[in-house]
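Following are the structures in question.
Consider the two complexes below, in which chain A is the common component and chain B and chain C are the respective partners.
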Partner chain A sequence: MTSVAERPAGRTASGLSARARAISELTGRDRAVRAVLFVAALVPTAALAFLVYEMIKQAYPAIIFNGWSFFTTKKFTMGNLYGNVVVKHGYQAAQGADFGVLPLLFGTLVSSLIALVLAVPVAVGGAILLVEKVPARLQGALGVFLELLAGIPSIVFGLWGIYTFGPLLSRTVYRWIAALGIPWLSGSTGAGEGLLTASVVLAVMIIPIVASIARELVRSVPAVSKEGAVALGLTPTETIRFVTIPYVRTGLIAAAVLGWARALGETIAVLVISGDALNIYPHSIFDPFSTMAATIAAFLDSALTDSTGMAIHALAEVGLVLLAVTFLTNLGGRLLARRFSDAGLPVGRGV
Partner chain B sequence: MPEPSTQVSYSRPVPEAGGAAQAAPEVVDAVFDIADLNFWYGANRALRDVSLRIGRQEITALIGPSGCGKTTFLRCLNRMNDLLPDTRIEGRLDFDGEPLYRPGVQAIEIRRRIGMVFQKPNPFPKSIYDNVAIAPKVNGMKVNLDDLVEESLSRAALWNEVKDKLKQSAFSLSGGQQQRLCIARTIAVKPEVILMDEPCSALDPLATIRIEELMTELKSDYTIVIVTHNMQQAARVSDRTAFFTVEDHPEGRSGVLVESGPTHKIFTAPSDQRTDDYITGRFG
Partner chain C sequence: MSLKRRLTDRIFWVVCGVAFLLIAAPSISVLVSVFHQAVPALGWQLFSHRTNAKATGLQNAILGSLILLGGVLVVAGSVGVAAGIYLAEYATGRTEKLLRFFSEILAGMPSIVIGYIAYLTLVVQFHWGYSLLAAVIALSALVLPYIVKTTEVALRQVPTAIREAGAGLGMPRTATLTRMLLPTALPGIVSGLIVALAISTGELAPLLFTAGFTDTNPKLQLLHQQVPYLTNVIYTDISLPGSRAHATAAAAGLLSLLLLVILITAGRLVARRARRQTARMSL
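Now for the complex of A and B:
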């Protein structure tokens, strides 16, 4: 070590040993890297903070105007935009304006959860099949197909859902389900719009997201771990159950949360398929409903014509709730993932 | 113990006067009876005409330079190579007098009777308890699982270290402990044979000694076949040794069995010069 320090030291005019200089150079570069990383980390954080601030600012009049009734009323109506103006808590609104988020919150949560329940097993099962059973040459082609599926614009999914897939389902599968007479799963199956169709289409939309992450996770399971199970005389299915799934569990939770966030925020496809029901809770899984995101999109145009501005404020408040829900699901997913990885499993990380 | 007849190089590991010296010149009761075994990876013939008998309740060491087909040979014995696409096996391989590769023989069934411990510890991503209990449970063994777990962990000399944390993840254990856990999970399914592929290569000397002691202990109930690069280890624990090497043939390089016999004989009076060169460290 000394010799290394001495040799270049002769060439150093400043009298600093090369070693000392190397350290200061390193820390200099280190500092630069750190500064860049800091800025890089700051930008999204600042953008998010700014967004939340703007949303709260926009929603504030509605928060005061609506009070708690925002979370108790079923109705969501902008009132008579051409009628009188009423004043409540110091804020103006169109007469008859009444804003309640509950049915929308319900619609958002239920549709996204049904979508998740449908999508995750299909995506994970598909990913495992793809990795374990499909020959390598076909795997690439199927992977491209998944990516293409993920890239289809959501309006296409919406139109497909309302004109093709929904009617088909309602003529066939929905009839069979309804015939079972299970509460919530019976009644008129409609023309194919409504909660279940929207959920199924959402599921189709999030399958590629979850499946492509799941595929990478399943691929990362070390072969030697699977061989350990095979060498004990476990069947391929048992090997998947006791090795592959436990290995990828934490990663799968993260993938599911990502898919869930996509379903929560999906706007246009749901708007097209939902049947656009306002002010009611669906009475069966086939009923029309609406979500927060779809309602914001549906109302935005006419809300802009509200001279009191309250309609826009109310939509901002809905947006704020959507933001909060997305944030909470993300947090919940993280906690769940942490709980699993607390067990010390190298899940999703390989070994 | 007969005096070594050849001049003994100082680097020649001398087997201890344990079981090693007592091995009969020929295998009397063979668990595996292998004759003219050939194995191909695609067009590459990895094993050429291997003939070997593996004695019941003996420890057989497979030694030889890297790439000579020890792992390939070992994995033929529990049909692990079945998993690899584009491979072919030919020749006789009888297990307990029955052809192992006869159509109709269930590989899954075979692997329950022939356990395997790998080079790298590979516990399930599950609790310590589950690691031992899963296979007996799904195999439908009619036993008290708690007792079986304790018994298996005790036999693997791990019970005292883990008895208070059975619910913890197997990954919380050290490498040596994980390897003993893998041995415990292998003996939990009560196999007849345990195959070990360099089980100590990832372990420190102390952990290695523990596993070696364990093997000597398990010998009373199990047949053990171990691949090792550690000549001292082969000399210390095995009753019989089989020396493999790579030979060049017109169609490519293949692994061949040079000679096999009681460990004491192989290490002190090998009949083939290549064996002597390898054992005394004059090889590559």
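Now for the complex of A and C:
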């Protein structure tokens, strides 16, 4: 009997015999329900398999057509869609078509990394303040900002970025930065569309993800450990540095990775704010640029008019690279979190 | 205490305060800026008229958005809750780990990739055209992992003692689940569904190539009928010339934000019930 009761708690079944007994205790109806639930549980996995399979299938002609030049060409152009057709490696494409992912990969990585560097300290600082200094009564009310920020549609962020925030930054902060004359941080600041504005807006978008996890983590630090630190005469700041941060480090890394993944895949806001410059590396941080996700959204319409179909396949290949980057980020975050989880915890979890 | 340590402490809290302001300021700024731009378009005609070149109505887009949310609730809601129940109550060992892992990977899938594949398969290959079903499936694929996760977590917070009580009374597993576990976990599950709806409200990338858009009111027809929705109005109208189009775009943004605030409020009320429920059970 106990095996029936204990299994649902999530622990693995203690032994085969116990498991067999648990199954034999199921009625026919129980089994039918379990079968239906199992089918439902397969859906996310099946959806993932379908998406990845379709992505590879769609990208395959482009992979053969482009070869390695996909990762060395600095240009992404669909060629003359009304001109002649060229054949390479057995696949047709429009004349002048040249597909290279480099500038897009560059734009995606740089914008998301800038966003991450800006967002994590702000999110963690805000979360610490919210938990440690704000009275419990107000915490809920102030937490509304996080939920609101998390739920604002990305197109609304786009709207805000080009009409309000970008011009504001361009008039003020960007001028000051540009005046310093540091290479890559200088030049014309434009109207506020471009790499830096898009990165800052991305940062604003991932702050709620990182901050809400950080808030839960900081809350989870046992009071006993903090009391110990206070008893040793540490100031609140030192308590945070020596007790809280080491305790939550693993979770913070995971939170940062989650935020990073969101920034990598963000489409619409970047599409609106980036200035959509396709074939150039930005020469300064204020220049227009583009990302992989934004390019797919921007070009799907015109890619459909390519009679050879290669433009569609090339976009799928871009999507596949984006998938690979997102997947590696996720995996890297998990490994990193696991690596830190045993070394970085001077305070026992079960205190 | 040395002056240096006290000063460091002060500075640290000031920095944290600035960080918090940097979180709060953008959300206020977004609200103010969207409201400010939407003012010329505000009025009853938003609800009574449809989108067209002359008036600043949004009736069709509002209805379309609500229908899409309903569709997501039906498709992703039923599948997601069922999958969450299986993961929390039935799955064991390697199956459990793998299913959860893949569900989490799906959660990290960029929304434009989902939209792109949904377009190529559902809209083109299956000849569904821009349609309600294609849009709902694309959105559901996006929010499904969240529902699975929150359902699983909600069920795991139900104490084992309740399951033991069910088994002790000789109840079949299904009866224990429907009569004892689900009612207890319900607030948690519902707040997960609300989060999924909030995400769906703001999404555009998966809908851009699956839902299409019309200036007529949406019909409850699954295939071959385009669906208008709010985020699309924002996207198309900001690239149109003229201040009226821009005001309409902002008004559509304001309405999505309003929908969001309603969902957040509902979610908070439900979450509060969930907390009380948990507090009552942990004896």
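Heads up, the rule we're going with is that the second predicted complex is superposed on the first by the 303 of 351 C-alpha atoms of A that agree within 3 Å, B and C clash if a C-alpha of one lies under 4 Å from a C-alpha of the other, contacts with A are read in each partner's own complex, and residues count from 1 in each chain.
The rule we apply is simple: a contact is a pair of C-beta atoms (placed from the backbone, for glycine too) under 8 Å apart; a residue touches a chain by one contact, two chains touch by 3 or more.
Values in this document were obtained by computation on a predicted structure and should not be read as measured data.
Participant: Once the structures are superposed on A, label A:267 by its partner contacts, choosing first (chain B), second (chain C), both or neither.
Facilitator: Only chain C is touched by A:267; chain B is not.
Participant: Once the shared chain is lined up, is A:235 touching chain B (first), chain C (second), both, or neither of them?
Facilitator: both
Participant: When the two structures are overlaid on chain A, which partner does A:116 contact: first (chain B), second (chain C), both, or neither?
Facilitator: neither
Participant: Check whether A:29 is in contact with chain B, with chain C, with both or with neither, and answer first, second, both or neither.
Facilitator: In the superposition, A:29 touches chain C alone.
Participant: Touching A:224, do we find chain B (first), chain C (second), both, or neither?
Facilitator: A:224: touches chain B, not chain C.
Participant: In the superposed arrangement, which partner chain does A:163 touch: chain B (first), chain C (second), both, or neither?
Facilitator: second
Participant: In the superposed model, which partner reaches more residues of chain A, chain B or chain C?
Facilitator: Touched residues of chain A are more numerous for C.
Participant: Return first, second, both or neither, reflecting whether A:94 touches chain B, chain C, both chains, or no partner chain.
Facilitator: A:94 sits against neither chain B nor chain C.
Participant: In the superposed view, which residues of chain A touch chain B and also chain C?
Facilitator: The answer is residues 233, 235, 238 of chain A.
Participant: Tell me, which parts of chain A touch chain C in their complex?
Facilitator: Its residues touching chain C are 1-2, 4-10, 12-13, 19, 26-27, 29-30, 33-34, 36-38, 40-45, 47-51, 54-55, 58, 121-126, 128-130, 133, 140, 142, 144-149, 151-160, 162-165, 204, 207-208, 211, 233, 235-238, 240, 258, 261, 264-268, 272, 293, 296-297, 300, 312, 315-316, 319, 322-323, 326-327, 329-330.
Participant: How about chain B: which of its residues touch chain A in the complex?
Facilitator: Touch residues, chain B against chain A: 78, 80, 83, 108-112, 115-116, 118, 120, 122-127, 134-135, 138-139, 168-169, 171-172, 182, 185-186, 189.
Participant: Residues of chain C touching chain A in their complex?
Facilitator: 1, 5-6, 8-9, 12-13, 15-20, 22-24, 26-27, 29-31, 33-34, 37, 78-80, 82-83, 85-93, 98-99, 102-106, 108-117, 119-121, 141, 144-145, 148, 156, 160, 163-164, 167-168, 172-174, 177, 198-199, 201-205, 208-209, 231, 234-235, 238, 249-250, 253, 256-257, 260-261, 263-264, 267-268
Participant: Would you pull the chain A residues touching chain B in the complex into a rising list?
Facilitator: 222, 224-225, 227-235, 238, 242-243, 246-247, 343-347
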